[in-house]
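Each chain gets a letter, A, B and C, in the order it is written, and its residues are counted from 1.
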Amino acid sequence: MNAQTQITEVTSPGETREMSYAEAIRDAMTIALDRDPTVILMGEDIGTYGGAFQVTLDLIDKYGPERIMDTPISELGGAGVAVGAALTGLKPIFEFQFSDFAALAMEQIVNQAAKLRYMLGGEAAVPVVFRMPAGSGTGAAAQHSQSFEAWFGHVPGLKVVQPSTPEDAKGLLLAALADPDPVIVFEHKLLYKMKGQVPTGYYTTPIGKAAIRRTGDAVTIVASAIMVHRALEAATKLAAEGIEVEVIDLRSVRPIDRDTIIASVKKTGKLLCVYEGVRTLGVGAEISALIAESEAFDYLDAPIQRLGGAEAPIPYNPDLERAAVPQVADIETVARRLAKGEV
Amino acid sequence: MPVEVIMPKVDMDMARGTLAIWHVAEGEAVKKGAALFDIETDKAAMEVEAPASGILRQILAQPGQVIAVGSPVAYLYAEGEAVVGLPSAAPETSEVMAVADPAPAIATAQTPAQVADEAGDLRATPVARRLAREAGLALAEVLGSGPRGRIQRADVETALARRELKATASQALQSPPILSYATQNTPPLEWSPQPGDLHVTTRKGTGTPLAMIHGFAADSTGWLALERALPRDLPLIRIDLPSHGRSPLRRLAGFADLAKAVVQVFDRVAEGPVHLLGHSLGGAVALALSDIRPRQVRTLSLLSPAGLGPEIDGAALNGIARASTADSLAPWLKRLTARPDGISHDFAKAAMLARIDPDLRAAQQELAQVLFPDGVQAFDLTAALERVTAPTLMVWGRDDRILPWKQALAAPGEVALHLLRGVGHVPHMEDPDTVAALIGRHLK
Amino acid sequence: MTVQDNIPFAIRHFSPAALREALRKMHLIRLFEEGAEESYMRGLIHGTMHLSIGQEASAVATCMELTDADKITSTHRGHGHCIAKGADVGRMFAEFFGKETGYCHGRGGSMHIADVKTGNLGANGIVGGGLPIAVGAALTAKRLGRDDVTICFFGDGANNEGAFHEALNMAAIWKLPVIFVCENNKYGMSTPAAYATAVPNIADRAAAYSMPGVTVDGNDFSAVAEALHIAIARARAGDGPSLVENLTYRWRGHSKSDRNRYRTKDEIEDWMTRDPIARFRAELIAHGVLDTAEAEAVEAEAKQAVADGVDFAKASPAPGIGDVTKFVHAEVAA
């Protein structure tokens, strides 16, 4: 068997089943654990407890503590063990309880995992997957609600994905596992319960490929994670007014799907980036810049707009918390103004 | 104290408007309620009435400028009132205006909140710039509809469509138009434009020329079918009325103004006496011309002339003047002919192309208001018809739905009257051969 | 007491060929670093480098029992570890010279020198960076049922990093085959270990993680080899990790920018009298493993290897400028 067939194998899914986003992730991990004995899961309270968000529920019963490894509360060390294991032949999926805690492990993720292949001139590989529950909306306040995709997206050597549907949550996680390099999967906490049809077999959703969730010609909205759903809701409302918005689900922050975004903006001439991370120096800045630098520039018919998180930590008060990240009405307002040439 | 004329808010979400055209020149008098200028918003063009009677002075906004709602665009002065310095600080919003000192003392060269197309500071989106660049269109010629006057894609596309349609329309003027009436193979005619205020074209030939004046909302291209039926060597002079065809747009106070404008150009282009032919409004003008310059007119031919009675189908006139698409124009055009199928869709399209300029349509709507207020012919030429000495031919369609043929009964006994069966308001189009034969005999 | 008891462990335990090879590697490390230093001064090497001259016994003795299947994680002062684990000095020089033929194709340099094929997972520019990685490597061995071990080199400075404590704790709770080898050269850059560390010996930390901890004379080849022999046996037996502290001294400054304001000349000269190479060489001759002529031949051999290595590096091609992003990710077949 050659390596190529192993990596690119994608079975035709055919059958689907309704699953929640969390179940789809669990399904992906189950398939991976069954397919590949080198796959292990690591993280805090992922065993009997089932993980902070119950994503790994019951897996320890089937696979045992040697493959479903509870780690001490040692994010830096735990991430580093995962890196070392990946470097030497295992395929660890490391779960952070909250993406915020990855700040404790930045050293291993950014200095080690992302750079080892390069520093060693291609002589080493770190096929580790970091799963990071992210985003606000749960009342967990400033240290349990952040969206760090831009942080990690800034690091060459990492791949960063943000699934917005159960189907992609499974497909992107399996793609992350098949990838020979470190991949960070941001799972939005508010999406864990979202249901959707998910192919039952093994399949991968390509990393680096955005999805057009709705076509339109008036405005392009590039959104990620839960913002995709808010953008779609805004688009439905705007359609009633005759404004057809194209909604692109970014799916992958790094590598970013330049072609899809550029093609859409060339069609609509208007771009709105919607993301939950802090607006300044966020993912929207990159998308804006890539459009400004691309051939799509000459198709722009309005200034590029960004809707991102407030320049503040995520607050506790529920009204403040909502106000700190883009909501449907915000997206609707800005998209409408863009469509009408009022921006 | 002068009365301020402002850019009014005429739409709920209107923040600024584009001043489209002034109907009154600087220094001219205007009555309260008379049309003063037109504005264009995102949604429509709209006429703004004078807020007071007075002399229009200190025009601050030129056509094409984008003005914030509430900003002054001119001032109305009483007769003899001393002109003061321009009020300072023209604020952008009416709220601020309400508390602003109404009697400023210092004259400053304050301009309205004009932002589009400042020298070297033109705002345009990248796609607008690219499209204009690719099409060889100067952005300075494009009106920006976006925030702070920014030129957007739609603005350039509108400008390009207008340019293209104008080119097509003028091409249609120079080549055989798509009339169902005019399909014969005739050699190309040589037309050359004449200088002067009005657009005049001539065809060389031998003998006394026939000068032709078209009707309301028509232009010289309407004569084509008749010209083909007339003798080939008959020299022709075609006159486009003001605000019609390729003549410049002009504000006219009434029929007398119209007649005066035509007399002026007639005096310049007619090298000697002419045969005069007019249709509908052009018939009224020809009649007036014959009355004013009796020695210059050898014969007079009137096709369904206006001015001989109060009745007229005002709705049709307004409908034609207002129509902005071939679809909205066609139903009104069908009223012109006896047979509704006499107007093909291609004809309506060609007619619309000739009227694509919204300024022209606006000017004609206004002219209809002046000449035919409330759907009534506001001028009476029956006395003039009595005075005309030139031999006069009158042709009318019995099925004319615009001007009833019975108005022909106002003609004195010397006038040769021909009432055509199965013909509507445009006999020269509906039955050009008969009309040409009648005119041919009349000229001899 | 038998005669055997007076013979050092290493002499008893290893074959003469292995001991001769150990001496050759120690000379090679010393000569390689001197050669690198000279090349640096000639402008052939840019950046900086951290020399381990004076610490050769620690590197070589620690790696005595390792095979290529066994892993090491190294530190910023890692040239010795790399050579001890079996790397070729020509490719190392090539890496230092930034050449495509270097171990890291010119992307890593001195601070990231590695040789994955001989089990060296790489020097690390982050103090403490290799500690959790070594635990991960040991986890792999255990999970895949292999009996290889991982040696985790780190300095005295790293013992105060959180990663040290997290790594030792996890290695202990999971009983992983990893040996933490602290090369205590007395200074973390300029800060004395005695000042920065709450316990007298870094090996004392082992007690907190329920693993054996031993402090040995790091300049005594045999003492280091013996401590490692015990720790490796324990690891291979599945009994878990150990901590070995090799007391040693770097003759040179922390890096090439060190102006040596924190140590006295006397202290440095005192340590230079405890040269681990001279000591090991004398030991080998004293115990008849080789004679002086043979020892000189070994050194000459190493000298030749260094000279050849420099020539190889000089003659090697530089990477293409267009390949700046090569090796960021795996090359994907189109």
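Observations on the structure shown:
Just so it is clear, a residue touches a chain if its C-beta (ideal position, glycine included) is under 8 Å from a C-beta of that chain, and two chains touch if they have at least 3 such contacts.
The structure presented is a predicted model; accordingly, all values stated were derived computationally and were not measured.
Shared contact partners of chain A and chain B: not a single chain qualifies.
Using CA-based centroids throughout, the chain positioned farthest away from chain C is B.
When chain centres are taken as C-alpha averages, the shortest distance to the whole-protein C-alpha average belongs to A.
Taking the mean of the C-alpha atoms as each chain's centre, chain A and chain B sit 63 Å apart.
Averaged C-alpha coordinates give centres for chain A and chain C that are 40 Å from one another.
Centre-to-centre, using mean CA coordinates, chain B is 96 Å away from chain C.
Those residues of chain A lying in contact with chain C across their complex are 4, 38, 40, 66, 69, 71-72, 74, 76-90, 92, 107-108, 111-112, 116-125, 156-157, 159, 179-181. On chain A, the positions that touch chain B within their shared complex are 269, 297-302, 340-343. Against chain A, the residues of chain C that register as touching in their complex are 71, 73, 102-108, 112, 114, 116-117, 121-122, 124-126, 129, 131-141, 143-144, 162-163, 165-167, 169-170, 173-174, 325-331, 333. Of all the residues in chain B, the ones that touch chain A in their complex are 42, 125-130, 145-147, 152-154.
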